[in-house]
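Okay, so chain A shows up in both of these, paired with chain B first and chain C after.
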Partner chain A sequence: MPTLNLPLTDTPSLLGGFDETLLESARKGEHALLQAKRTAAYDSYAQIPNPDRFHEEYRRMDPDLFKIATFSPLEIPETAAAYQAVPEDSNYDVVISVSSEGIAIEDCNGVLTDGSLVVMPLDQAAREHTTLLEQSLGAAMVPGEQRKFLDLNGAFWNVGFFIYAKKGVDLKGGILIRYHNDQAGTVLLPRLVVVAESLTRFAIAEQFTSPDDVKTLCISGRELLLDAAADVKLVSLQDWGNEGLHIGEDWARVKRDAKVNLFSMTVGGKVSKMTVGCDVCEPNANAYLGGMFFADRDQHFDQKTLQYHSSADTYSNMLYKGAVKDNGYSVYQGIIRALKNCVGVDSYQTNNNLVLDSTARADSLPGLIIDADELACSHGATFGNIDQEQLYYLRSRGIPEGEARRMLVMGFFDEVIERIPFENMQDHLHAVIERKFGV
Partner chain B sequence: MPDFETDSNLVQEYKYGFFTDIETDTIPKGLNEEVIAIISAKKNEPVWMLEWRLKAFRRWQKMKNPDWAFLDMPEIDFQDIHYYSAPKEPVDMKEMDPELLKTFERLGIPMGERDALSGVAMDVVFDSVSVGTTHKELLEEQGIIFCSISEAIQKHPDLVKQYLGTVVPPGDNFYAALNSAVFTDGSFCYIPKGVTCPVELSTYFRINAADTGQFERTLIVCDDNATCSYLEGCTAPARDTNQLHAAVVEIVALENADVKYSTVQNWYAGDEEGKGGIYNFVTKRGHCRGRKSKISWTQVEVGAAITWKYPSCVLEGDGSVGEFYSVAFTNNHMQADTGTKMIHVGKNTSSTIISKGISAGYSSNNYRGLVKVVEGASNARNHSICDSLLIGRDCSANTFPYIESEDDSAHLAHEATTSTISEDQLFYLKSRGLSEEDAASMVVKGFCKDVFKKLPLEFSVEAIKLLEIKLEGSIG
Partner chain C sequence: MAYLEIKNLHARTGDIKILKGVNLEINKGEVHALMGPNGSGKSTLSSVIMGHPDYEVTEGDILLNGESILEMDPDERALAGLFLCFQYPVAIPGVSISNFMKKAVDARHPEGKAPAGPFLKEMRENMDYLDMDKAFANRGLNEGFSGGEKKRMEILQMMMFKPSIAIMDETDSGLDIDALQVVAKGVNKMRGPELGLLVITHYERILTYIAPQFLHILMEGKVVMSGGPELVKKLEENGYDWVRDQLAATV
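Here is the complex of A and B:
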């Protein structure tokens, strides 16, 4: 059977300045484990051909839009950053802040003291949890997939965290990681490795911000490994300023009875390409992929999902909701893949799009690749504007048209937003929608 | 659990796999400008037609065989094909070669006066030439032109010049360019203004000679307020080498015209090992040029080793309607990458897609479709349903829809499901005394019902029978 991947190249194909010299400077003074991991990722990265707009995946998003060669890695000093106040209405247990001033890890509720939960930079983890990190860094990828940007991140990451929850940890408030990049012309390469032992339950939020009119690039890589009956939620909120560029790769491997929730919320920035994939690899593993994207004012967002069923009796559900207006352009591409003999798979994929005016454009490419019988895999995609009857109903109740439209869009997105485990983030997203409507 | 493993001993043999031994006029293998000139000369074509072919050929030489389809296929040697083969004796309906007549009788095709009442006007294409058209007089009374494309080039050059290549331009894709250079025969239909075609128009394609390619070219033009229904059937002998069928079908629907195009494709699909069979690489496209015009594609695909085709509609006229109903069945090592494209350009256009894929054995059955709404195509409507049914553990079913919306007033909905025959359904039917095979066959027929009911009656019966034959041995 033909594969969706391209043949690997013999000569290295490099993007921008991401070459061996930069690799050497990233490796310098590092723990041997991290050095080895970087080299392995670099070898794979150099072998994968450079994406161009003739590749199916990039046909609707030219990789040249990211102008990777014009960015240089962001310098993050070793000194602790000034602690940025956490929003008052939140109750995160751990807050990590990353900016050009440095890194700060704040343990708000003393959850890190007894050692059942580990939250630390990757270089510290390489020293203190060597074996575990060796097994988990770069291990969550779906087998057989070639992801150029994930490997690029693996070779060149300039800030990385390791979150490790020992058996039975149940975190109430969750972990927040905030990235703020205010240095024009720099690229942030964050890496996150999450290892959840059996019967753990916690949520992580990642928030990306930058000031308006500052050109920044971010190439992020996140990996989640869930052991039996773990329950992990990860929210990624891209709230960059108007010149932010982002390429993100999220991959999760989910074992028996475990459940992962991966949320990808893209509202800010200029161009964004997110890929979220999960491998439900043991019976009764379950994945939920939630997504929201709202592109306006020439924003161009591309979302790709992969629900990979490598075991019988696995479940996944996906709901991506998008809206476009004012020259916004959104692309959704998704695949459900069921391997041979994976019977009893139950998988669903939904993509709903609101095209709010005719300057905007939305594309949807849901897909099914099924090599087993005795299963149920479905997808659905819809396109449309706001329902005129609903609008009429609201107006008949005395609500002005503009507000009625906003309410309906809010309601449209709420199906995803209300599943996010952080209330302050829900409020924030509501505020963003209002902002996009000029309120 | 019901066991759906394919039992190769039970697989029904291909009923149309015979070969007719008649004297043929075949030109040597190979493809170059000289061969194209020979084809053109054999057809006694005017110079403009030869020039058109050569232009397409030069274009084709610069093109690359596309590789994006989800198909696993060996390289095709385009120099190892006979591009022209025809029965030697000039064929007259009344004194047709008895061998040939016997062939068509075995195929169950009405040919000749005894079938004058059967209500189908038939054009038959045998390898590279059309061997006869029935019901000519009845059609001429109404001013309908229904003849082979070679005849149309001779007799109606203005109409052909006006429409040929306007829906599928010669450089549209690799196989369309190849076809434009070397096409040999096919049908031409012209329905004049205001005429409702009184009978079904039909063409039967048969590949007979070995190592030949068949390059069919069909052009259907329905003028203002005209209506017609066109049927196409295809068979080929069983051989262990692959043969190429690269067709181009163009449909033009002018104002308020209504064209219905149905296909029952039953090319030889190769044996259980996947050896031999026809490569069916076809470009079919309809253009709704006029206001309120309608083009409806119905296809039942049960044959061919590899099928690669996307019957499409360009909905340019305001209020035009495109429809696509498809059943694609694959078994053994067959592969299909098929679907449709609906391009909404005019205002208030609507389209419907219902695609049912059934895979059995080791086959791979892919749906690939595009729904595109361009800016300014206000109030476009589309509803797509793509269902796949898997029978057996070694087959695969894939769905790749592409949906692009550039207009805020468009309403598009797509849904797809993939499943197997449910045990509940089987249990229920078996509890009523049906055998497992009958029960499964009934479920499959029910699965395809939405499409079968769109076929003209004669074809609907044939299609259901064909599917039953193909299913035998896949279940049980």
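Here is the complex of A and C:
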């Protein structure tokens, strides 16, 4: 039984201006492969009913909050923009920046010169890696799942990158993709396709920002395909200004002995809906899903996870930590799914919530769907304000109340933040927590 | 005037009156033991001295170096020189031991920040002394610790913070003989003219390792009997019923 789906419709269900006219303009002048992929995604998108508040997934996140019809796609010039370095870039091997000025790809450490690592826009990949892109674009989705916004992104993406690591590539610094949208009323539709051959090891970060008071929407789609014994980490930092709206779909397929880390960190924006799913599909495949969210000042953050075990002897661990205050509202929903005969699965799902005042709300709906025996799956959720016994303990050691509270909130999030492979992002998140927590 | 003076202390939690007039005096350089049956108020006394928010003092006073501490927050009491060795230390995942220790040592430093080098050196030496694995420093505070590891952690803090009065709340509970010896080793190293010690227990066992000069017996929220080391032996032989009989006889 599918876990997230609505029945398909015969009459096309379209959202806002995302119709055939827009599709044609996106396809115009493109490589035939990309045109075909867009059309296939469009057909699927149009068949999936529009989300509404009566669908379980949207009961706590009204899809009308995204006001999709009021946005038109961000124009991103084809001409390359000049690369503008910021100090944090020294943490990365490759830095891509995307804005209304264009796209810049900077190979800081010469890691792209020998061709073992490929980082390029999707249209270039369609020409230079046609067969591989044909096999991988749109291929990471968990079988049988239908995701309206992933297909919308697949049909209408307006910027896309292909990251391809050949066997054995081991990247020290990692790849950063920095998105900045300063154009009010526009929607950014970024696509990322990651192909990791066997025995590769690398990390990718995506960071999303916009100026305060500028209404923007982002509908992001990312897919990762990991071959045997690959080790890939992806960090997504939703750090939009106060009027940013975000919908994200991350999907990974993980083969034998490979390990994926998918981090979703939502701290900025007005409304955000992140979905992260992985299919651990061969023995000894392993997935870690780490998340943090901190909703204050009327922010509404929703996160959904799917740990999909389609093979015996596969592992996944999920830890999402959230805090809410000042009318913030957070939702976590997640499912561990183990298919028939998938014995030896070991899977955990934990969602902890700090509810820092009585104006804020946190909902948590963990779930298991298990069709196999002889496995270990567990889930749990907790809610609460700062633990009074922990606070008393720290204070009894001479640590003043404000500092003790700060330590407890930091410590709460550090269980996830410390696993992020980029130190500058850890520092940034600590600073955001300090600001939101108000110390 | 004693360094720590507990005068006619009455305290309650919610509607339950637990302490009903405790009197106790402890000077620096002295080791006192406080014993009593379950429910007599031993742990409550330590919580009230440290300022746990769940307890309310309804009568009496606690003076440290001549000044009342009743209006002070737990962190102020700690900085004034009090230390409580918890019976059940809480785990705080995500807060590493080294970070926690540094913050607590910083709070005691006149400039608000202790130099990192000497701090780390002292912590390493003390961890060595207590047979603690130095990898502990990077772990979450008490996270996944055994009973013995938690108690060593408490003693390590006592050695680092150098209190003038330390209260050990049933530090021996849940410890095997090896762990108890390590704990006692740490405590005995601290003994001296600068430290007053109150060892709360309901077994005599720990008192063979940490020999007290004074013993007090707490029953139903009051110190009902005080004496020297000979009282420990008497209590061991005759039990609390003997104390009750003695009290009945005097009434």
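We adopt the following convention: the second predicted complex is superposed on the first by the 424 of 439 C-alpha atoms of A that agree within 3 Å, B and C clash if a C-alpha of one lies under 4 Å from a C-alpha of the other, contacts with A are read in each partner's own complex, and residues count from 1 in each chain.
The working rule: a contact is a pair of C-beta atoms (placed from the backbone, for glycine too) under 8 Å apart; a residue touches a chain by one contact, two chains touch by 3 or more.
None of the values given here were measured: they were computed from a predicted structure.
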Exercise for review: Report for A:N50: first if it touches chain B alone, second if chain C alone, otherwise both or neither.
Suggested key: neither
Review point. Thinking of the overlay built on chain A, is A:Q135 touched by chain B (first), by chain C (second), by both, or by neither?
Key: neither
Exercise for review: Figure out whether A:T79 sits in contact with chain B (first) or chain C (second), or with both, or with neither.
Suggested key: neither
Exercise for review: Figure out whether A:P400 sits in contact with chain B (first) or chain C (second), or with both, or with neither.
Suggested key: second
**Study point:** Dominant toucher of chain A (residue count), chain B or chain C
**Key:** B
Point to revise | Which of chain B and chain C A:S25 touches, first, second, both or neither | key: neither
Point to revise | Contacts of A:L408 with chain B and chain C, given as first, second, both or neither | key: second
Exercise for review: Could you tell me if A:T9 is touching chain B, chain C, both of them or neither one (first, second, both, neither)?
Suggested key: neither
Practice item. Pick one for A:T70: touches chain B only (first), chain C only (second), both, or neither. Key: neither
Check your understanding: Of the residues on chain A, which ones does chain B touch that chain C also touches?
Key -> none
Study note, to complete from the structure: Contacts from chain A onto chain C in the complex sit at residues 387-390, 392-401, 403-404, 407-408, 410-415
Review point. Can you list the chain C residues touching chain A in their complex?
Key: 50-53, 73-75, 77-79, 84, 86, 89-90, 92-95, 99-100, 103-104, 107-108, 140, 157, 161
Practice item. Flag every residue of chain B that touches chain A in the complex, lowest number first. Key: 1, 4, 68, 70-72, 364, 373, 375-376, 378, 388, 390-420
Review point. Can you list the chain A residues touching chain B in their complex?
Key: 1-2, 56, 340-341, 353, 355-385
